[in-house]
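Each of the two complexes below includes subunit A, the first together with subunit B, the second together with subunit C.
Right after this comes the complex of A and B.
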């Protein structure tokens, strides 16, 4: 039975939050846009809910010379509206500005989104494409995990039950461009049929690509990272032919499923097209 | 100028009291254990774990129902309050828990164990009519109100038709060009904001008070008194505010169940559906498969046509309120055109899907999608062109329509021309294909204004109107106020309009069928007349009307859709929807415009996204995350052009508008998609993917 027996705790610091989570089947609650739905439909029945809304140290966006740090309780709307993010990480800015709708973006938190691990989410491909790392704390330990290695399956991550995402760190790299583009053919308020995050880093001459990344959502049980696409771009000038070859490679590694957002065959086609469009947008067409 | 809507402030501030807000002393809460299977016999129901939960007052199954009353419906009584030995759809209520809180009731209901013997599922209307299809109901003709007989055929809920099949077949044989195509639309839900809710309060003296999300209180009263053998005078349906309706709130909802439970526990029983249960257990729009054949002569004039509709009525016929137990929108498919020989048949069948009922213009969006797509195809394939074929065949004044009546006027050609002549203002994205499509819809206005109301002197010169109808969101009560305001020449703030319970007025036919503004205005006009003649010492005038409106007449709408399609992906963007609407006088311009815009948005949703995703006897769209409705970002630019000067009906010379603009949209958009891409869409909702593969195949076939 739910609700009558669920404890609701409101810690004001990370250490207090980590103590509160020690109880078995306790969960952290961020903005509630996913967790509340799971709770109301009884897919989860925690005995204790630890709401992080009053933990000030988990909030905020801090840009320095070499990196940008985003606190885990920062909302999608805050990220989308942040000038440093818009300037330094345009893909992250775009992704955070298209999630759900304005009401969802006002509540949804970065940490909550990453922990929820729905493979249709917009943020993971945008963040993985720029090398984001997730800082995680428990009462005993602290670790930092590349977001590219964070996901294990549908709604599954490498997090232990007592671990809390505290922040996400994105390294800033010279001559890097990034973008995110999503495809929602039915409704703007839908999960994407496919979303494509990308980044391209030029060498010091500004002409030849030294590193690249293409990451997709909606076409597998976890965000799909195309190493082959990256390799096909490195050493090129990012001309359309190179982009096409990279986009073509994406087709081979996606693992889409038939659903109301498209058949697997259609999603495969769209993954390739939107990988191309993301790269094109990245290169500032 | 438009005066503010009568319900605006209360709804905007949260002061409005909806059914879910009603709290009675001693209220208990109900929840049901629903069927997990679409078709099965119930072998055993174990309610004991639910009974042991603290706070549970009772757990009941069909055998417990008071007086053995179980079946109810709006016309056909074939819906069980609780499943009696058999379930016919996912979501059928099997057992009900009454408890001291909603949470306890819901948690206890989950503990109920049902053992089933699974039966073969009939998942589509097509399967249902096969000779070897399992019977969903063994003897459907035995239900009270049934219109079928043992000879009607397998799993038939009703068949309605018009015209001569032989004559139409013969005319088609002689036609120069013929189109013969089949069109499909999905099961849909009304998408109101407020989920269905009910409180029933039965008393030991045999009286019953019911608050229900229902727009037809007098019919609900009659259904409940009939099901439970109660004196109708002692059944009182209480006033409520409705949070949206779109046809879905005409059904008795959970009032029969809550009434039964209140009788059983002797306390008020309340049930508020979670939205997922509302999507699962109410009565939305019928999915359809409609074959249309149309034939023209060498000059492009229609010589004959046949429309054969097969509709999925789901597990029960009981949510259709009209005598035919059918949908008049299907039979009326050809109402805008001159067709010498037209035959139409609308067959509604039982399946193991959710039962379907009435949704804004029942049958019309399906029929208009099929008919207006077929006519468009015929125009294109014959070389006559989609506009010209309509101009040639729309009815003109004096014509007899395919149903044998002559309307006061026919304004189809005028609305079409008006829609075509509007300026177009939305740019096509660079590199995208562009197309335009039109569709026409006409609707008769033959509603009988059976209603009653009372005007009463209030303090400080106020006039209080007591009406039998709830405000369902369409503005019916505002229409009443506007008529009194203009009829008596007093300001809006001197007028109160209150819905009163069913014991306080004699009758009403309910909100729906575009009848409120037409029917109610007759009653209000008569009441105003009496009021003006009323002696100074009299406080009240009351009137009951049951007279036909003028006519026959009707109203037209024409819609022009402009679309853009991404040639790489098939993505469809509806750039704008231009609605030309046939109007006479307008009572409240803002409310009138809201009906036009809301209708166009609803038609747009039906065209491109709404779908209950019924498959294998299960609706899969069970949350508002999966059952997509248009949001603000999706809605195309809406333009309205009013064709004024029409001949309306009633004392205010008006035409109904509420069901005009949601009907032609599906065809208008599909026609525009062919214009843009050459791909013909014959199944709603229109998916980008369908356009994509269609373009790859590279033909209109």
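Right after this comes the complex of A and C.
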């Protein structure tokens, strides 16, 4: 059936992986959950696949005083079960624990979850809300990109085809609380109609909000970041009236489309409501 | 490409296209207990166990199984007869198409650190059944965990 078999390379180090990707139309493979579906319908037909499963240096979760680093080949299940993540980054813990079903979470990697760039995905809003940065390497260069600037469109990122995501760094900030919640009106394992990641950082007095972030998935071609919601929260105590104003601002900025998960108007409403609830859950945590 | 992995406890070497789906490769070995339902990772009929965790073989490229410990319903039925008994005693099946997947998922439940009834339901939510109404499946898994 197959005329030419795809070359399947199994590097054991980052440098070997970067050398292997040099061929035109070669792709990296993490858990393969998205790629298998695209390949099955021949939406992609790479001549070479560089599978990262045996690159040990890309795996693991490391928490230190100022930051948490997660290797790109760490699975969603591993992130969801990690105690440091649960304690320090509850929104990231929730998001990694709701992706698809237990079988998807066992295979899906952080690198794949970010690079796939389906705007309904749960990890990007949770991670953007806590200021995550993506470390990227190619054989020629190394760079670090704020996840907030990573997405260009539906299934499109700023990555060049030969660029490998090595890890994600999340700064730990004193007095910051974060959360992620999503709304799935169909089945539990489906993509969400809307997901809302948020964080709120209080000043040293613990009363006045100094910084905030509200990020939505499912309601645009990329994750939607509401700067206005953040501005409306800064300087307040996070009272319900302030939260409601922030949620109003979210309603204005989202760009949802009609589909089987709801009409555009409905999603706009849900985005606002779930932004409110996400912030509420931040403040309650 | 030659792929080495352990299948149902036995070292196995296959010469296959690494981009073929684990589902097709496994069924091609006459291990037809693994079923295809949705083919897109949603229903769980095709569940296999890889390094102790449940995996949808319909979206698993066989190249990613290199060096892994893979179990199908056939191997697990021999290895864990008490789990099969628990499904039989609780009548955790009707038409049976989802049953191999339900049992493999249940066998992999340790990987998820699941213990409470609520957690069992949440974990098993990824394995769809159109017949039983789920209660008998949940009871079978609960009974099994209690005896273990």
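In the analysis below, the second predicted complex is superposed on the first by the 280 of 285 C-alpha atoms of A that agree within 3 Å, B and C clash if a C-alpha of one lies under 4 Å from a C-alpha of the other, contacts with A are read in each partner's own complex, and residues count from 1 in each chain.
The rule we apply is simple: a residue touches a chain if its C-beta (ideal position, glycine included) is under 8 Å from a C-beta of that chain, and two chains touch if they have at least 3 such contacts.
Since the model is a prediction, treat every value here as computed from it, not as a measurement.
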Q | Clash or fit (per the criteria above) of subunit B with subunit C on subunit A | A | clash
(Q) Applying the document's definition of touching, compare subunit B and subunit C: which contacts more of subunit A? (A) C
Q. Regarding the shared-chain residue A:6, is it in contact with subunit B (first), subunit C (second), both, or neither?
A. second
(Q) Between subunit B and subunit C, whom does A:104 touch in the aligned arrangement: first, second, both, or neither? (A) second
Q. Is A:39 in contact with subunit B, with subunit C, with both, or with neither (first, second, both, neither)?
A. second
Q.
Touch test for A:189: subunit B only (first), subunit C only (second), both, or neither?
A. both
(Q) Quick check for you: in the superposed arrangement, does A:266 touch first (subunit B), second (subunit C), both or neither? (A) first
Q) Once the complexes are superposed, what residues of subunit A are shared between the subunit B interface and the subunit C interface? A) 2, 37, 40, 101, 187-189
Q) Across the complex, what residues on subunit A touch subunit C? A) 2, 5-6, 8, 10, 29, 31-33, 35-37, 39-40, 49, 51, 53-54, 77, 81, 100-104, 106-107, 187-189
**Q.** subunit A to subunit B touching residues, read off their complex
**A.** 1-4, 37, 40-42, 101, 183, 185-190, 260, 262-263, 266, 269-270, 273
**Q.** Parts of subunit B lying in touch with subunit A, wherever the complex brings them together
**A.** 53, 103-104, 107, 110, 274, 276, 568-572, 608-609, 611, 613, 620-621, 623, 625-626, 628, 630-631, 633-634, 685, 687-689, 692-693
Q: Quick one: which bits of subunit C touch subunit A in the complex? Just the residue numbers, please.
A: 1, 17-19, 21, 39-42, 44, 47, 50, 53-56, 59-61, 63-64, 66-67, 105, 108, 111-113, 122-123, 125-127
